[in-house]
Structures are given as C-alpha cells and as structure tokens.
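What follows is chain A paired twice: with chain B in the first complex and chain C in the second.
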Partner chain A sequence: MEQQGLDLMDQALGFHSNKAQQQPWPLSGRFVLVEDCVDTSGAFVLHHILKRSFTSHPSSAVIFLAFANPINHYDRVLRKLGCNLASQRDTGRFFFLDMLMLQCPVEGEPNHDGLAAVFEKIERVISELSPENKKFVTVIIDDISCLELAANGSSNDAIDFLHYCYTLTSENDYALVALNHRDIYSDGERSTFKLEIEYLADILVKVDPLATGLAKDVHGQVMVLNKETQKQHGISSIKVHNFHFKIKENNTEYFYAGSRT
Partner chain B sequence: MATTRTRVSSFAPNLSSVKSSQHLGLKNGPNGATFISSGISDLDKILGGGFTLGSLVMIMEDAEAPHHMLLLRNFMSQGLLHRQPLLYSSPSKDPRGFLGTLPSPGSSKDDISREPSHEKDLRIAWQYKKYFSVPQLNINTNNGGQHDYCNDLDLRKPLERHFITSNNVDCVSIQNSQNLDVLKDRCAEFLAQFSRNEGGSSSAGRIAIQSFCSPQCKYSDMEWHMLSFIRSLKGMARSSNVVVVVTFPPSLLSPSCSKRLQHMADTLLSVRAIPDEDKELAKLLTGYQDMVGLLNVHKVARLNTQVPVILEATTFSIKLQKRKYLVFECLNQAPVDGSGGSSYGNYDGCSRSTKAVSLDF
Partner chain C sequence: MAESVCRSLRDGALEGELAPTLTIKDSLASPFGFNVFSHILVQLSSQIVAGKSQSQGMVIVALSRSPSSYIDLLKMNGVDVESSKKWIHILDCYTDPLGWKDKTRKSGDITDPSNQILSSYKTVKDVNRLFSVICDLGRGLVGGSKSRFCVAIDSLSELLRHSSVQSVASLLSNLRSHEQISCIFGLLHSDLHEERAVAAVEYTSSMVASVDPFHHSVDGQGSNLGNSSRQNLTKGKFNVRSKRRNGRVRVTCEEFRVEPSGISFAPVSSVDGAAVAVAGLIPKVQFNLQLSEKERVDRSRVVLPFEHQGTGKPIQIYDGRRSLEDSNNEATPISGGKKEDSGRGEIIYYRDSDDEMPDSDEDPDDDLDI
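The block that comes next holds the complex of A and B.
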C-alpha cells in the first residue's frame, strides 16, 4: 500500500524497501514463530504483524486465535497503534476466535470442542471469505502454550494442530504466525515440543531481555532468524538479524545495539 | 443518508457500572484500568497505583518462610475495610480461623508517612537535591485522602469482628477436595456477581487463594488440572471487577509448571526469606537487622496495553516498621569502608531471575 518507512523488524521479516522486489505480503506461505519469556513479552511482535497484515493489502484477511487475552485488550492495543479492529471485523477482514475459555474434553468424552473442531472452524471461515480476501490470509495464534493447556497438556494434539495449520497455510500461500513461551520448555523432557515447532518455523523471532537487566530505554533484544529457501537451486540460506527494541503505546522502535542516542 | 456513528468500540467492556473515584477503595488508572489497594501503601506505589481490577496476581512463596501470608493478610483486610466481598480459600481445615489474624488500621498517632525530617538538618547539601532522580511520589499531606484508598494496617491488632462475621466473606477449604472443581465453581459464582458485562455489582471484589498447590492437597500432583483451573480463573476474572491473588510455592512444582503459572500471572511477585545473622549480608546492606525478607516484583499488570512496566528497582526489603506496619524499601548498599571508593547510594535490583540460594541484586 502506501510506502511506509520500513523498520528493522520489517526488513528482518522480509519486507523490501525496493518496491520492485516487494511482494504484497512477504509472509505468504511462511510460518513465523515468536518466542519470548517471562521477563520480556513478545506479544508486541504479534501486534506489529497484525497491523502490517492489514496495511499490506486492501483485501487481506486475518484470523486470530486468542487463547491468552480477550478481544477488548487487542482492540485497545491496536487502536493505539493506529488500527481499528472493529471496523476491520465489520468489513469482513478480521475474524476473532475467542479461545479464552476453551477446554478440550478429556480422553473418552466426545470430541466436539476439541482442537479438530477449532481447525474445522478456521477452514470454514477461510472458505467463506470472498475470493479477493482469500489471496492474503494470515492466521495468528496467541499463544501456543495456552493452546497446549487447552488441549489438557497433550502436546501431541497441539503439535498435530500446528501441523494442520502449517499445511493449510503453506499450501495456500497464507501466513501463519504464532507466539510461544520458550522458558516453559527449557527442561529436558518438554524441550522436544519447542524444538519441533522451531524446526517447522520459517522465521524465528526470539525476544529476550537484555543480559544486563531491564532498562527504561531499551526493553530487550530481538533475534530474527529468516530461513530463506531459494527454490531454484535448492540452496537455503539463513539470515540472522539482531537488534534492540523499545515498546511504546503507538509504535515499537527497533534499533541496532548502541545506536540509540 | 449516512448516519454518523459515534466512535464507540463494540469490544469495549461496559465500564459505566464502575463509578470510580467516588467509590470507596477504587482508583482510576491509565488505559481504562481501575485499581484497588493491596493494603500496603508501599506496594501500591511500586505497582503504580495498586492491583488492577480484572487481573490475576500471583505470589511465589518461599517454602521456608510465611511472608506471603503478610501480603495476603493486608490484601484481605483492606478489602473488608472497604466492604469489598472476599472469597478466601486455603488448604487448612478451617480457613475462617485465619480471618482472626487479619490486621486492623493502626491508630492515627502512629503516622508512618516518612516525613523527610533529615532535610531540616542537611541544609548544606541542598544543591545536590537536583541530582536525585528518585521522584518524590505523592508525599501525602492529605492523609485522610490516602486512607480512603489504603489504610496503614497494624499487623498486631486484629480486625474488628463485625468485618469478619458479615456476609461479605466466604471461605473455602480445599484440604479434602479430590480436585479443584468445587473451588472453581465457587469462584465462578463469586465472579459472576462482579461481571462487567451484564451490569453486575458496581463495587469490586477480592479472591485470595492461599498455597493452592501445597502438598497436603490431594490434587497437588495433577499439574494440568491445576494449570487449567488457573487459566479458567484468569479468563473469568478478566471480565469482572475482581482481583484474584493466588500464592503458590514454585519449589514444589515442576519447573515448566511453575513457568506456565508465571506466564499466566498479570502481576507476578515473589517473597523470599533472608537468613538471620548472615554476616555477609549485614556488611552489604544497611538496615539488615530490621529486614524480615525480600520482595521481588517480576511483572506488573498491563491490561489493554503492550507497553511493559519498567521499575527503577525490582527487589525490595520487607520490614516491619515499629513491628506493626509492613513496609517495602529499596535496598541500600552499605557504605564501603576504606579506599574502595564506591559511594553510598541506592542499589537498584536487577531483574535477573533469582535462584533460591544466591541473592542476585
């Protein structure tokens, strides 16, 4: 759409400042995994991508699976970022699936409300989109650890669900974005869950606090790992970007370490 | 024929039911938040106003010390003083007995607002005041106004009977429960009274759940069950005018379960005991003898916003002023003697996650 100044996060995610190389939605067909920890929340990256997905193309659509916060939270946050979720919802571009109280039935009970039903709902929403809106669809999941909790701790169900979503989005050139809390899986037995998802991801965004502790001017550091695959030669290169960030109400500033005056 | 619509978000909760500053014990905050007092004025200041209505506060206990009970007592007592209904749950057989230990407001002659009396004496150093970056947060000359929101609670004076025996308090014992379903239902009933959506009560309510995963409970090894209880409690609380305070001992849970609980918390605090007669610590910190423990603020609730709260310091010493009033103070490094050269000043706590044994500042 309009040529905005691209910040470091946009560049790391694959937006190009050169209009000739610019795809309308560079996250199409890709899975972006955002990882954070207790000290530093990575939700701002989701908000950033959510906003970008609306501004990228006039007929893009977003399906938001919210396990962590109610709609009014996101509405207020995005409004300050300059994006009106209510009007996007009214024009059929924003679909909010409230999963806050979703609890999958335990084994043995009929699986009406399980993750399979959630996936079917996503498919149904997408199929009901107009053909215009179907071109640029983004599915956002906030967040995976709550998804696992809703599945009663069955990491297999959670992984299966993610696989299904990944297949759906990669085959149809939709974008998939998910947030996960990395520090929950740092002990041995559960780390395979995290590793599987990291392996699946095309772009990995790791949000950490600064090694020196919290600061008012720099809220943390980000490492973006972009696994670009050049399909012609089958060569895959990995681009790594490291920078710091400061979160504000109406914007997040990204800058290289030490470059902030 | 276009009708002009006033820009009202259809997602916004119906806040007209909360009459804020006129209502006793409620305070307006940024981003549409409403605060209630934690019962400890220092903690309210640290958190930027108090506990946010609709938020989940989790306090990580130290298995070796009961300091979390001090926080709970003040929280519960403050609510009862403001006639805010309370639901209290504990793993003891008779939770009502605990209510007898709730503190009462101290007598007014024990004024604990720390007047900077030293300023009268240090007239020589006046020009250095401009270098102090610590903001003088509302040194209240109007003590009456402050007491409407947060009372100075005297831990040695029990709360008057009529506050406890009123219909405001409901107690649940979870000692003999096979699982948390009973507690979940009681919480759901309680929260429904304060729901923001269907014009529930316009006042605030408080839920205090003490040591909810302690080993004496039968469900304490059912980690997913406990996690989903907290998750559903958080979801229900979010759309109500209630603050839920839950304390739990992280050392008795698996690390990943403890981390999940920490992530679910909107406000996350932890209390730690400090050893008596520790000579190293006595050298390092001033006022060590008066310290009862340490408080760490890991996360402060920021509902409806993405901006994190960065505090000047995250570690505070817990002291009992005059052996009655709970206060939190920034840690002060003791002056280093000899040619060390480091000056006497405030030692900001780093936010690094602290291990149980070593004390990281």
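The block that comes next holds the complex of A and C.
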C-alpha cells in the first residue's frame, strides 16, 4: 500500500517519513494510552490508529475489545475514513470481541475469572491467527472505564487485566492501544487508577478542549508524550508533541497551534 | 549520594544487624525510578560477579518488567549471566502473576529445568509464600549458612496493590531479619499509594532515595511530565536520606541525567539551582501590582480635582485637563461644555492630614462643603 504523507499524529506516534527508518509497525511492543474527557472525545485517535494498522503492513491483524460501542458504530466511522471493516474481518485481519454485555459474575467478591476468561479468549484468537498475520498484532481496548464497569467496579481487576494485555507487548512484541476517560478519575482516591495506567503506558496521548473554549475551526488540542523506552533501562528519552486538531467528515486534520488562518 | 548508596548495599549487613534496605521512590512528575533501580542492579551485580561484595548471589523479584529484560540489561552492561557458578535467580511474577495463562493446565509454579535462572511465580497475592520462595531460591544460590545473597524487588507498588500494607511491611521486615540476606532494594511509585503506605515502607528501609523533578511546577499542575519544563524530561534531583546505626540521619542531594546508555549522577550545580529556584518563586500573574520609583514620583505630582492649591490665584476647578495654557492645541474634551457652569461654583477640599494617601479608603468627597 502506498505510504501516504504522514500527519502530525503519525509523527508523534513514531512513524517516520524516511522509509529507511520506518519500522513495519512502529507501535510494536508499545502501549498507547489515549486519555480524553467529557468536553473532548479521544475516540478519533483510536479510529486513526485502527485505520493505520490496516494500511501499514499487509500482515497486520487487529483484535478489538469493544466495551463501549457495537460493531456497526465502528463500521460506519471507519467506512467514512475509507476503511472496510467487514472485508478485513473476512480476510482474517480484524477480530471484533463484543464485550458490551459482559458482566463479571459476582460471588461476594469480584470474580477474577470474568476477566481471566476474556484474556483467555484473546489468547485463543491469537493462537488461531495464520502465521503471517501473527507478526504485527494490535490489541485495541475501547474503553478502560467500561472495562472497569464490566469488572463490577473493581479497579484492581481492571489493572490486572491491563497488565496481562501489557505482557503481550513485551513477550510477543504486539501493540496495545486503550482509551481512558480521564475526568472520571480526577479526584482523590480514584486518581490512583489513572496513574497506574499512565505508569504502564509507553505513549500517552492526552486530548483536551481548547483553554479558550469551543471553536468552529479547532476542536481541541492533543499532547503526545512518547517515552522512548529501552525496556531494559527504563525511560531513556521523552519527546513531547503538542498540536491542535479538527475532526472532519472523512478525516481528522492535525496542525500546530496558530497555523490556521 | 548514589555512590555511597551502592557502597552500603555492597558492604551489606553486620553480624546480628538488620540488612540495609534501600527504597527508591519516584512519581509521574519524574518517572525515572526504574533507571536508578537498573543502575544499582548493574553495579551490585558486577560486584557480586567480581567477588567484591558481601552478597554472593542475587534474587530478583520481577513484577513490573519481564525477566528477559533483566537478562538483556545485565548482558548489555557486560555482566556474565550464564557463568558456571550460578549467582543470579529471577523470580518471574510478571508474566503470569495470578495464574490466568494456561488455566487448563493449572501447572502451578514451575522451575523450568532448561532455564537455570528463572522461576515463575503465579500466586503473587500470597506474600508469605513469596517470602519462603525467595529464601529458598537464595539458599539455592549461595548454599551454606554463612553465605549471603541480596534481594531486588522491582516494584513494591505492585506488591502493595496485590496485598495489604501490613503484609508488604512484614515481608520487608522478615527479609531484613533473615540471617542470610545481605541487602535489599526496591522501587516504589509514591503517587500510587496513600501516605501511610509510603511511610510504612520508608520506616522499614534504612535508605530512602527520592527521584524528584528538576523544577517543581509552581501552579501544581506539573504532575504530568507533559506540563513540566523541558529539563524535567531528562534531568532530575536525587535526594537520599539514610539512617545510620546511631540514629543519625544523613541527607544528600545530587542531580541525575538520563541518557540512552543509562543514568549519570553529578553534584548539584548551585548556580543553576539558585537562579531557577528564584524564578520558580515569582508568581506568574499578568499584572504588576508594584509601583516603580518613577511611578511613585509621578503619582505624587497628580493634582487632584477638588484640592485647594493655595497659590493665591482664584481657585480654578480642575476638570481633568491640564492647565488652560497647555490646552490650546488639544482636542476639546467632552466636559468642555460644562466649564462655564463649574467656573462659578467653589469646592473646598481639606485633607485630613498631609500624609494621607491620595486614594485611601476614605471617600474624599466626604469633606466637600459646597
């Protein structure tokens, strides 16, 4: 597939325009955490990465855990972006795990087996992938707040599940992408949950409204914090990117603040 | 000082004394605690292999990083992991801490015979069992009762998440009291826990090393690296508090810099520090509420509208313009039409005192006697 021009979001996530430097899937082995709030939804970042994962390499596969929306929603959104989820599913590159009705059984205490079973399902899907599609797998979770709800509000169980998904990045070099709603966890005790996940993340994408309020031409601002982690040493360098975005019908535009006339 | 911390760990415990214990504390504002942990791990490992430390072996309890990353880390730093004399063992609490994987097999904890230095541990919530497993592995490394080994726990925060503060504190105490343990060091993310949990861990440690941001943000929003200064992305402060045997507490401060090859420590550069500290204290407001000298002088020269000038001339009502002589070239002010009227009236204003500030709280019009 022709490599399209890279936008600011791609560059911030680690895609390189120089083909020599370009890895087949730069998100391999990394956990991308997208944080949004009520005022500005970060779902467009998930859609962007989802589309990119299909166009980046012919051997990539996506396992999508949907806790928030049914498949029709994503089908419609991605179709506008020029991506056909149904055909990807038919060719064995897109696996949609519908978790909307998931409610972990309660037996006095939150039952760990609920999320353990979900993880088992993911492992089974991975094991059934064809060998060529196993190379660049991306697991996308939409979203963590709903995952916590499905775990009966047990943030510990939710973090355990995320930890297990995270081991997929280190053991198999897969990519993990998840969306979290930051403002749910903004106060006191609940903020620990958000911080735990931020510690785990290799790339943090924070989506915020503009400080000046609503605007027609700019829908919000994005801060991407990319920890260039050498897994052995820990964080070796951190790159921060800041830019604005505008969500249009068929794509999202990213531009530096003030560069729009 | 990072050097003295490494030395204390290398020298280990005296007979009959508790083992020195280091807690490395960081936060999201300066998340480089693992860099410090890796640095100390590599230093101590080199000394063990060279036979220069009290410890003859090391048990790493891997909770937040994969065991293979530790093997790669040591190899990359030239430490021989596969030597014939086995000195290291990694307890894998990372890959499957709760036993979710391969549930059908229910294999339990296994020591892979083909891999001599790795064991998996699948019941991370059972801290008591963790203690006995660590001791068994350590004894397996160093043998007899006189030899000692050290313990590295890569995430005390993960342990605290899986079990209670009391369990973790008692684990650390038990490890410290063990006659064959030379030293212990672990990493803790202070912003993930209540203060009492952090305090409990600090109390059981003989050394606490805090990894702090280079610049503390003034407005309190700096908990996220993205909001903080550029320097916080690569540098920071390394503050060590160590308890001596006689009860005295020693506090030292250094700067650290994170590089792709690792982490380096240097004494605090005082010039930078002072200037930056001052800059950090100045509040960021948009208005300057202070008066400069010139402004003070100009203010004292302002003629107030209804103040008696007392120069002998007929009292003129100052309607906001400059004196009549100066006003010829100026545009006519809006109040110009009223001048004829106000010229007939008199307003006498007496100040209460000479040093009354012109805009004190009293309403000057209170003294009008028209």
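Before moving on, here are some points about what is shown:
Just so we're on the same page, the second predicted complex is superposed on the first by the 248 of 261 C-alpha atoms of A that agree within 3 Å, B and C clash if a C-alpha of one lies under 4 Å from a C-alpha of the other, contacts with A are read in each partner's own complex, and residues count from 1 in each chain.
Everything that follows uses one rule, which is that a residue touches a chain if its C-beta (ideal position, glycine included) is under 8 Å from a C-beta of that chain, and two chains touch if they have at least 3 such contacts.
What you see is a predicted model; the values in this text were computed from it and never measured.
The partner of chain A that touches more of its residues, comparing chain B with chain C, is B.
Residue contacts after overlaying the shared chain place A:258 against neither chain B nor chain C.
When both complexes are overlaid on chain A, the residue A:123 reaches chain C alone and has no touch with chain B. By the touch criterion stated above, A:163 is placed in contact with chain C alone, chain B being left untouched.
Of the two partner chains placed by superposition, only chain C is touched by A:237; chain B is not.
When the two complexes are overlaid on their common chain A, residue A:188 makes contact with neither chain B nor chain C. In the superposition on chain A, A:131 makes contact with neither chain B nor chain C. The residues of chain B lying in touch with chain A in their complex are 9-13, 31-32, 223-224, 227-228, 231-232, 235-236, 238-239, 254-256, 259-260, 262-263, 268, 298-299, 303-308, 310-311, 314, 350-353.
For chain A in complex with chain B, the touching residues are 38-41, 43-44, 47, 69-73, 75-77, 79-80, 85-86, 100-101, 103, 145-146, 149-150, 152-153, 181, 183-187, 190, 209, 212-216, 219, 247-249, 252. Those residues of chain C that touch chain A in the shared complex are 28, 31-35, 37-38, 65-66, 68-70, 72-73, 76, 94-98, 100-101, 103, 161-162, 189, 191-193, 224-226, 233-234, 258-260, 262-263. By the touch criterion given at the top, residues 112, 116, 119-120, 123, 156, 159-160, 163-164, 167, 170-171, 192, 195-196, 198-199, 204, 206, 223, 225, 230-238, 240, 242 of chain A touch chain C in their complex.
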